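There are two complexes below, and they share subunit A, which is joined by subunit B in the first and by subunit C in the second.
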Partner chain A sequence: MRSWEDIQAGSFFEANARERAFGIVDKNTFTELLNPRDRQASPHLPVLGEAIGFDDGIVTGVGLIGKRPIFVVSQEGRFIGGAVGEVGGAKMVATLKLALQTYEEVKKQYPDSYQDRLPAVVISFETGGVRLHEANAGLLAHAEVMDLFQDARHKIPVISVIGSKVGAFGGMGFVAGAADVVIMSEQGRMGLTGPEVIEQEVGKDEFDASNKALVYRTTGGKHKYILNDCNFLVKDQVGAFRKQLTEVLEQPFEQIEQYRRIGSMELVQEQIELVDTAAKLEPKDAMDIWKYFGNEEPAKLPELSVEQFLKVAKRRPRKN
Partner chain B sequence: MALRVLEFKYKADNPVTIAKEWSHLGVVGSGDLEVLMESKDLDGWLTVKVVTPVTGFDKVWDLVLGKFANESQLGNVAMEINDNNATPIVVSMRLRQALAEANKLQTEGE
Partner chain C sequence: MEEMIGRGRDAIEMIVDQNSFQEHTIESYSFDPEFGPGSVVGTATLNGRLVTVIANDAEAFNPRFPVVFAGVIGLEEGYKMATAVYRTIEADRDKELSEKRPIILIVDTPGNGPGKVEEIIGMNKSTGAYQLALAEARKAGHPIVAIVIGRAISGAFLCHGLQADHILSLSKDFGTMIHVMPITSISRITKLDIERLEELAEENPVFAAGVNFFYRLGGVQEIIENLEDMRTVIDKHVSEIYEIKAKGEYEKLGPWGRGLLGAERGGRISRKTVIDKMANEFAAVKSKYLNA
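== the complex of A and B ==
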């Protein structure tokens, strides 16, 4: 593997799951749990004649950011599109459980200063959701992860980072959005039904998945930032993601919880109002929505660098 | 059709092992593979286990792996490969990269 320094300076989009996991925490603090040598491959793929991976497409482990234990889940899009099966799903679930156990432990050991050592969960999404070869187990994993997100409420922050090729789609699109904080790059994409599936099901007139500009302005980081589905937009660099993550974790937990999209009646109401706005606006393109939220020249936004974009972009106002 | 498991072994004249206790490289993407190498007392042998969906290329695997074994003189190493339809040239390249990774000094930011 490349050195930590090389990974920091390099592209997040190009980095594989293991490099992302290693690079998202402080230098050389990452310990992989269930590493390739443990050979926890899928028990279902061999009978189907599908290639297996020693990590089942999900790298899990723990590292540090400052004094905080950071529990990392990192999905590998190049392995079956990052789809979540039984083993990979169980690894996600176990990592979240471990984070919650660690929270109790830290609280017991440091009753006065546990907030400085508060564990966090960071998930680097790169997936289309359930792995259809082992769909029941994959779906169950989605449900369990969602359940554990609720258990983590008011205890430890859960943060989604999205900036890899496949994006966060399908059931995992829901999961990513249910975290406390979402950090994306411009190349990151988040949604439910992926562009190619929409085209396949409804037709090219509905959504042309080969139109990259259309795909990115409908599901990409800049659009999600304007809509406030994504809280922070960073440039495509592992170091930039880590820096943003570190800054978020330095904030008081009550502040971090304010970034949530769902999780209270007020937030649900806010989402319903957004649906209402969309129904009235009948946007033909994401740019119509950008304009509605005050961006006078929406067509220029996709061309801007992240730095320039962050200076000028107007976002959907949040209630809180 | 189920996945296939192929096993090979090679013995070098002057076997050299790897610097790390174990090492891993690669992602099982389409047309790609991962390599796990473990230092082990195997009486000088290099053993290779390949798990692959590909049929009919066992001889090619033997040729590619045999060439790597001969060039590297690896011994007392257990190697495992999870393959997803990688071409011989990709296999050769990944094997060389895996060996370089396995011999990286631990102090270099590892």
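== the complex of A and C ==
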């Protein structure tokens, strides 16, 4: 594997799941749990004639940022599109469970200073959701992850990181959106229904999945940033993601929880207002929404560098 | 066999006490009847006990979001269902555990709203919001029972069903469908023919569509063979869930409980191996991370 320094300077998009996991935490602090040498591959793939991966397409482990244990899940899109099966799903579930157990232990061991040692969960998404070769088990695992997200509420921060090729779609699209904080790059994408499926459902005239600009306008990092579905937009560099993550974790947890988009009656009310806006506006394109939120020349936004974009982009106003 | 697909409203009447269902109402809160027509929410009694009911309406069409028909859960529908759950939590906030009213989910949905506007606005948040609300209600003590009467498909089932304490299903004789993708699609992707896949599914329930496979994976607690039994079986599970929660054994319920059940029934073996191995490996390095 490349050195930690090389990974920091390099593209997040181009990095593989293991490099992202290793690079998102402090230098040389990452320990992979259930690494490929454990050979915990999917028992279901060979039956259907599919090749296996010794990590089942998902890297899990623990590292540090300062004194804080950071529990990391990093999905690998190069293995069956990062789709989640029984083993990969259980690896996510186990990571969340360990983070919650560590929270209890840290609290017990450091009753007065546990805030400085508060564990966090970081998930780098690169998946379309359920793996069809073991769809039923994958589906059930998704529900477990959501359940544990709720267990983590008011205890430890859960942070989604999206900067990969595949993005976060299908069931993992709502998992990503259910975290406390979402950090994306421009290249990152988050949604529920992938572009090809939308085209199939509504027709090529309304949605052409081969139109990359359209796909990015609909689900990409810049759009999600304007909508406030993504809290922080960073450039495509592992170090930029790590820096943003570190800055978030320096904030008090109560403040981190303010970044949420869903998870309470008040937040649902706020989202319903956005849905009402959409019903009235009937946007034909994401740019209609950008304009509605005060971006006078929306067509120029996709062309801007992240730095320029962050200076000029107007976002959906939040309550409070 | 009398099928229930597309008949969410009929199912409500068959399950709750006669004429007890009050749509659009949870305690003092009233829903706008125009909002989220693809889902049905309200209050009823079941054997005299107050319950919140959440169902799909396959006959409704949402004129503002035209992808919503045939029971699809759209942007409005997901948030409406989430609101029903939060209002239920609010209504019973100060009550004892044994007084927290049950939530009954009647499941017959083919999917989450697929569309351009849905993606622009963020359909992932609507379905996610509902799931977080249900998980919160479950952990606050409300017994949540889901009953699959028709279609429980993929992400829509995750949204409406898979966060329940217990999941029940009408048997496959009623045409019930629980799956991510039909076997024809799996055949196309794996390039194996359907007969071979059906053979394989008998030994390994993880990929094929069907209620019985979900049962073996722990995804369905109990299968119901007669429509007349829906009421009594739901009520039985509500009582069981109250007892389990009174003992504080929340891990026996919900998604985690289904994981344990899946291992017990032999359908999901790897899950437990993975969780145990990772716990052991972490234990070996733990002090480095706890005492940094």
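Keep this in mind: the second predicted complex is superposed on the first by the 319 of 320 C-alpha atoms of A that agree within 3 Å, B and C clash if a C-alpha of one lies under 4 Å from a C-alpha of the other, contacts with A are read in each partner's own complex, and residues count from 1 in each chain.
One rule holds in what follows: a residue touches a chain if its C-beta (ideal position, glycine included) is under 8 Å from a C-beta of that chain, and two chains touch if they have at least 3 such contacts.
Quick caveat: nothing in here was measured; it's all calculated off a predicted structure.
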- Thinking of the overlay built on chain A, is A:T127 touched by subunit B (first), by subunit C (second), by both, or by neither? neither
Which partner does A:M265 contact after superposing on A: first (subunit B), second (subunit C), both, neither?
second
Subunit B versus subunit C as contact partner of A:A286, first or second or both or neither
second
Partner chain in contact with A:T193 - subunit B first, subunit C second, else both or neither
second
**Request:** For A:T218, select first, second, both or neither according to whether it touches subunit B, subunit C, the two together, or no partner.
**Result:** second
First (subunit B), second (subunit C), both or neither touched by A:M1 = first
Between subunit B and subunit C, the one with more contact residues on subunit A is chain C
>> Which partner chains sit in contact with A:Q237 here, subunit B, subunit C, both or neither? Use first/second/both/neither.
In response: neither
According to the stated criteria, A:S160 is in contact with first (subunit B), second (subunit C), both, or neither; which is it?
neither
Taking the superposition as given, does A:A178 touch the first partner, subunit B, the second, subunit C, both, or neither?
second
Residues on subunit A touched by both subunit B and subunit C 47-50
The answer for subunit C against subunit A in the complex is residues 64-65, 67, 75-76, 79, 82-83, 86-87, 90, 112, 114-129, 131-133, 135-136, 139, 154-155, 157-159, 162-163, 179-181, 185-186, 189-192, 200, 204-208, 213-214, 217-219, 254-256, 258-259, 262, 268-275, 277-279, 281-282, 285-286, 288-292
Per the touch rule, the subunit A residues reaching subunit B in their complex are 1, 3-5, 16-17, 27-28, 35-37, 39, 41, 45-54, 76, 78-79
Seen from subunit A, its contact residues with subunit C in the complex are 31, 33-34, 38, 40, 42-44, 47-50, 60, 62, 64, 66-69, 85-87, 89-91, 93-95, 97-98, 102, 105-106, 109, 117, 129-130, 132-144, 146-147, 149-151, 153, 170-171, 173-178, 190-193, 197-198, 201-202, 206-207, 218-219, 223-224, 227, 229, 261-265, 267-269, 271-272, 274-275, 278-279, 282-283, 285-286, 289
Residue positions on subunit B within touch of subunit A in the complex are 1-3, 22, 24, 27-30, 32, 34, 36, 38, 51-53, 80, 82-85, 101, 108-110
